[in-house]
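What follows is chain A paired twice: with chain B in the first complex and chain C in the second.
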Partner chain A sequence: MSDTLEGTAHGNGSAYGSQPRKEDARFVRGLGTFVDDLALPGMLHGAVLRSPLAHAKVVSVDASAALAHPKVKAVITGETLAQRGMAWMPTPSHDTQAVLATDKVRFQGQEVAFVVAEDRYAARDALELIDVEYEPLPAVVDARQALSPDAPVVRDDRPGQENNHIFDWESGDAQRVAEVFAEADVVVEQDMLYPRVHPAPLETCGIVADMDPVSERLTVWSTAQAPHTHRSLYAQLTGIPEHRIRVIAKDIGGGFGNKVGVYPGYVCAIVASMITGCPVKWIEDRSENLMSTAFARDYHMRGEIAARADGTILGLRVRVLADHGAFNATAQPSRFPAGFFGVFTGSYDLQAAHCAVTGVYTNKAPGGVAYSCSFRITEAVYLVERMVDLLAGELDMDPAELRMRNLLRPEQFPYDTATGWRYDSGDYPRALAKALELAKYDDLRAEQAARRERGELMGIGLSFFTEAVGAGPRKYMDMFGFGMADGAELRIHPSGTAVVRLSCMSQGQGHETTFAQLVAQELGIGVDAVDVVQGDTDHTPFGVGTYGSRSIAVSGAAVVTVARQVRERARLIAAAMLEVSPDDLEWGDGRWFVRGDEELGYTLAEIARVAHSSFEPPEGVDAHLNAVTVYNPPNLTFPFGAYLCVVDVDPDTGQVKVRRFVAVDDCGVRINPMIVDGQIHRGLADGIGMALMEQIAFDADGNHLGGSFMDYLLPTALECPSWELGQTVTPSPHHPVGAKGIGEAATVGSPAAVVNAVMDALRPYGVRHADMPLTPAAVWRAIQGRPLRSDVAIT
Partner chain B sequence: MQVPAQFEYERATSIAHAVQLLGKYNGAGRLIAGGHSLIPMMKLRLARPEVLIDINEVAELGGISRVDGELRVGALVRHTELLDDDEVAQLFPILRDAEKVIADPIVRNRGTVGGSVCQADPSEDLSAAFSALRAYAVVQGAETQRIVPLRDFFVGPYETVVGPGELLVELRVPVRTGGSSAFLKVSRRAGDWAVGAVGAAVWLDGDVITEVGIGLSALGARNFVAVEAEDFLRGRSVSADVLGEAGRIAAEHCDPPVDQRGPADYKRHLAATLVTRALQLACRRAGREV
Partner chain C sequence: MEITVTVNGQQHRRSIEPRVLLAYFLRDELSLTGTHLGCDTSNCGACVVWLDGVPVKSCTVLAAMADGKEVRTVESLAQNGKLDPVQQGFIRCHGAQCGFCTPGMLMTARWLLDRDPNPSEERIREAISGQLCRCTGYENIVRAVRWAAEHERRDEVTS
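Up next is the complex of A and B:
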């Protein structure tokens, strides 16, 4: 079902293509090295005491009984940290977050104390010996109540903070929107919630911190998607100079954004190692991961879409209430408090658009954008794709036809959106047409009509998405004040094999294979001849890590750039070897050769050997074949795709069965199509999970109702159909090989297709909308006209 | 990491030995078989037994057999054994239906029939299935053995008649001809606990229902059964209306718990739907199309 690569100017050569992942040789043997596999001599074990209450004053913390436990080495409390000025830490969104509570606890599961013991059993036992006196406070759980005058104030630690308001942010042109709405024949409005969900990586977060009291060097092994950022933050927090801190991320068992930030447990383990002089391990358990680490979404949205009677969409207006939890710790480029939500105009040619987002504090865990979301594009795509379907329903138009009528046309690229984004490249109608063709759309609609006659509920849902990935241009984006450029270093050994050092860090994406393919392609050497080094701040160049689908888009571009620099150096040396002008040389089949005389030339390996020999390089040319670069992306890349989902719904039980899922993705040039397909499979499963089962709700007291895998459901193979993938290839014009990121596209695009399909199935009942997750109960209640709320406990 | 509190460990070698160990620790010991409920509860420290008495090597507790007109299922029979047994599936399709949707293969490989029933989780599937079949539980104490109808076995959530010095030895299901059975479950995802599940067994004489058993799980039915619906059906001729009414009666007598799996009105509706559908399927399997 694969097309041949189009856009051949952008490197489709022998090194690209599907091939098994290098890293799988160890993974399939169970020989990966994860943080919890690490055992150092004299290592101690930490455990975190967490608040059982969502909101309470901390009156006292008495650790004396725990300290009397024979195996306990230390107990760290908020007080311990306050003495070192470390009770609070900065967040990526210019807020602060409590490392250990001193004044209040602000969400259930918040960190209160940290026990260090000889083994993990004793550490857990000792948690029960710590006596914390709480004075319970009313909790604010419902984001819609957060700004009411009688709501309890979550962040009374912040000077001048007298309510739960965090920010107001706008994008687009409100005036222009008002004008086009006034001209419209039809305006459709809908409230919708993108519920709070969790990335839930199979490996939870963890750390081993080892402070060497003699060398005063701190070594940290952790599950860090962004090792360099972590190092800088640790330096800032502890006062240890940056060059004496080394952060190492070995294998990571999934991240999805969950492992971008620094968590209190990490800081506590570091302090514990500083206090005890021993290495300290802390591994989060499943409930801790689900209850306290970075969640995603929790966007209460109101969309309005305006159109002419013929289906021409004119404008879109969105109002969002964003629940950020107790601390504003969303990990996203700081210039936009709502991340990249401004892409909510989606894939359509709109005259005007405007959104207004208000962020609020609640007594819930902090976090915000984690979970394969490209910094809020998931919410934006869901919103616009639901609105387009609602409009189709209102106009009684086929949703495919309505989309085709309004999609951006290829000649409009690069396209400047009504909210200030420049889409780099795309052929949207081609992708949608392909999805419809793969699905045999007309046949599906005919089948649906026949089934409706028999009283059976079948639904067909479409979604078309535009992603914005590869953050990002340094002048617009930063994280913790660090510009989002990526370094790369390449060294060719005398024999012509290579080692490339990345600033990003795989959590399962296959960097060791894909990045080797990039280098191999540029230098004409074997993929096996390229070693990829990542995840060690002592051995890799600076960069802000892997998330937001930025690895290929930014780090990949850095690697291609550095490989081309090496190739150019090789050209100069080859020219000297051949005693010709570099201008007379041509690159092809992995060799520099004299133009017009292909016999006369050298491979990279031959050049490398000479470059390391007694051969005198030409004046001004360094010997050896090494290079270092930093890539600052000129723009984001904009992958896109057309998805189609077919469901069957049982009206009496409310059960939804996803029968088919067709996904046509365009992520530009594909380096390793097998890995790309794997990424898409994962994201589609994610989409089914979010659409049908994943949710974190809270009861009125702020108790977390999704704190285990019995309560927080991840989809299994049984909920997933056999994915039907297709592709188009529209290279990015500014990426050196035309690639765009693919890590999150399917997560972004798929939930809307599933929900649209279920709503399409329920059309005979007049159902317009129901919020995710569409559990059996939620679907049945929607049919009854009494939809469930998915952010609060079911009553 | 979640780790349990400290506990002692004993390994029983026979039923008598297990009973003796239970007596020795006088209520402080907990039997462990598959451990798929107990160990997670211990890791969360919701359960803190002082002693675990491991019965996994007690061979007498295993095995499925047919003796004197009864199907006997040892307490230590793993879910997967019950699932794979063709004679069981032929006699009582309800059991294979139920086992197919209990948790996942990993749990089924280790989890036991006796453990499931003794856990008395209100959402447990086999409790409903065996109750529908009017099974008996054989309970061994230090002095005596008791045979308890399964419908009298459950005292309440997570509580059974098995005393501190006793253990469940086996379940016995009377084998009767002229009927069939079925089990249906709605869950949010494969492997999740039931939002609601219903097992039904019917015995027919022509069109007339001579005996019927209806078991419900997760729907707040007393002792996992719908006695009122059974009473309604007994002696009536099979029809779509009659089976529909049985569903309505069963739902009326349920008191479904409200949780994140659904509100009470939905679960009550689900009870009616599943009771009717399970009865229809059981009748169809017994040769009577509805």
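Up next is the complex of A and C:
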């Protein structure tokens, strides 16, 4: 860490704590290795021809003019792939997706052909030389029309598919809900849309595929959040045995779920390399990224909440219409068609709850689970937190008081929800109290009242969320048929330094640092003495990858487990060295020493040296210090938090300014608090983006209306306030160090706080609800034509 | 066409297609891959470099436009193995996460501090408002620039 001013911190002998990241030395020098940075000898460049139409028959594809281009080496069409049985690929949700269209195109931007040329400019030029004849078909764009009898059928390729229905899924007890609704004093109902949005990592998706025709080995460098599952899918598709495929992810420029799936461009680049015998690079541009890769959300929701007059919430009923686009390619545990939406009961003690979700096909890009959503918990939290605020409005109760009255109490944990989830641990009232205190809530309400007297629109919005992260257990959860468990492997070198190998893969979360801290803490060695290897299927154990905030919760647990196994083996060797019983040894300060005689003992480095020497280990004990494991989580972990947002709204323009954002997060034990805070900052910015700016929109013909960052707006430093963070720490009882995971918490929790704040600001106008994104135009429209309410002061 | 561009103090003469973008010229011709492309529409600023001392988005500048000019990229910030204060600030304050926007942010930050050695938080936010970061929520980038400003003025920066 020569770049740092203070070096590695080891306060109180702990390897945990805020400390600079190992990966930053290369990033600040511009020396990261992102996939587009690779340049292999003889490398060719690919480009994808995409459909201009949302729905059309493909009558013919004529690539002859493109093939005549002097720099073009090959053109791959759906027919080329069909001859190899690769025109379609499986999705993680028991569906198939066209790699290149053969029969129809089903969304605007769908992949139709793939050109391979000597440079990226020539490849783009040649796209214009391909002649595709389409026969346009009517498109179904609005999910609410997808099930009408006269809707065009998107997936007529599927045997027996006669409409656009994908699945019906429900959770909870409908009858019990009906009973509690009958007893309720008040029922509030609201329709709301969680719009289609996009994770839009700053680096788009890309690949370099290199098929070596002699060794018959395929090496793939790509933006893969899940390298091992990508390898298995490539093996299945190409017929190349798994052991001859190596998937490498070097540095990844943000993922947020966008880089979990396998995209047609990856498959085309692999085929192109097989055909040409050269390495082939394909890097999508931003328009391709926004138009064709995994979108997120697109949930049409109806919520009903029932309560007593005193504010005791009794039950929640939810109906969802889920727009999955043209192929059901949602990257989520395959037995959970609505992801973890089942946690929609949120953080409250409800007597009954029920949700029913219907998934439909439309002529839009596939995806659905992405953008740091923890498998649809974003939608669930938004739903319940909006409903609670609407209920507060109906009861004329303070939304903080209503939440405090209904939050789960610490003594109720572990808590079994009405929809069958077991929350591991929490102290919710403490987190909410802390957020209110940090924000000076009472002062804010007083200020708001004063501003309303002056005709100013100030809003205060709350949200309280419970996340469910760290999937599996593998018994219930799989991706592409692979049980959701993750491996780790640890090797101590003779000098006592270490290498730990992970099955997960960072996209910016700082694994090289945090996971080194985990090992260092268990073994009493320096953080700098631990190298972290990730993102290379030849050099890491199998696992399903980094998404759903799994890394610390699952891979972190695997790493701690192997570190403890190594420590135990070191104990046996130390006992032999000291000629005492292992039971007489105690671990402390990075040493095994004889209980009662601290002088008599060895550090891990001393034991490692002996373990690799000619010293004879005890009977039945392997020499060398190494371990390998697979961690199968017994349950999910349940991070939670209380958020508060303060906005000012310009009544004349509808412009929303986020003035303050207070976030109290509880993600259990924090390994590197600096990194944890950074993860939270990111998610809070997501919340501003989704609530106020971001939407992937289409016109009635299915034309994509946001194909660049000029139309798909992301928050800049000017839209984001300086975040105010607080924390509580409630360890997970089943994670080996009590950590819960933090990657997505703020993305999940923050949109509702922003929207609740804007709705609170518009309360004088009697506005109950407006859908995200709350752009100036949307807010202005919500205000227009609404008389000011007489019971809320504004002049 | 033939162009001569001085990049990070070193003169390069190349024959290029007139349409080649400066970002690709730097990356493909000179192997300076620290400059990244994130959007192609001048919105994200991952590609920010200096052209004759002024930050530009090199994804929308033709390499031909840099003929006879001086370009400075992220690779030039560290001098004689010593990191620039803005680089140190990004490390100290966790201003980088995935590292993709970082080079562009660093180049803008360096430019800002050369003109305003003590910028307010608002000034920093405004300076980077033409650039996007999807990881940091900008908080720690702002802090990193402030850190650099404070340490630069006190001349306390070490390598």
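Just so it is clear, the second predicted complex is superposed on the first by the 771 of 795 C-alpha atoms of A that agree within 3 Å, B and C clash if a C-alpha of one lies under 4 Å from a C-alpha of the other, contacts with A are read in each partner's own complex, and residues count from 1 in each chain.
Keep this in mind: a contact is a pair of C-beta atoms (placed from the backbone, for glycine too) under 8 Å apart; a residue touches a chain by one contact, two chains touch by 3 or more.
Bear in mind the structure is a predicted one, so any value in this text is a computation, not a measurement.
Once the two complexes are laid over each other on the shared chain, residue contacts for A:D125 go to chain B alone; chain C is not touched. In the superposition on chain A, A:D173 makes contact with neither chain B nor chain C. Looking at the superposition, the partner that touches the larger set of chain A residues, chain B or chain C, turns out to be C.
Of the two partner chains, chain B is the only one that A:R781 touches; chain C does not reach it.
Of the two partner chains, chain B and chain C are each touched by A:L718. Once chain A of one complex is fitted onto chain A of the other, the partner contacts of A:A39 are limited to chain C, with no touch recorded for chain B.
Looking at the shared chain after the overlay, A:E203 reaches chain C, while chain B stays out of its contact range. Once the two complexes are laid over each other on the shared chain, residue contacts for A:E489 go to neither chain B nor chain C. Using the contact criterion defined above for the overlaid structures, shared-chain residue A:I675 touches chain C, although it does not reach chain B. Of the two partner chains placed by superposition, chain B and chain C are both touched by A:R286.
For the contact definition in use here, the residues of chain A common to its chain B contact set and its chain C contact set are 36, 120-121, 285-287, 710, 716, 718. Of all the residues in chain B, the ones that touch chain A in their complex are 1-3, 5-6, 44-45, 104, 186, 188-193, 195, 258-263, 265-267, 269-270, 273-274. Residue ranges of chain A in contact with chain C, taken from their complex: 2-5, 20-21, 23-34, 36-37, 39, 120-121, 200-204, 251-254, 256, 285-287, 507-510, 674-675, 677-678, 680-685, 708-710, 714, 716-718, 720, 722-723.
Residues of chain A touching chain B in their complex: 36, 120-121, 124-125, 283, 285-287, 652-655, 692-693, 695, 697, 705-706, 710-711, 713, 715-716, 718-719, 775-777, 780-781, 784, 788, 793-795.
Residues 17, 19-20, 24, 27-28, 31-41, 43-44, 46, 73-75, 77-78, 83, 87-88, 90-92, 94, 96-103, 106, 121, 124-126, 128-142, 158-159 of chain C are the ones touching chain A in the complex.
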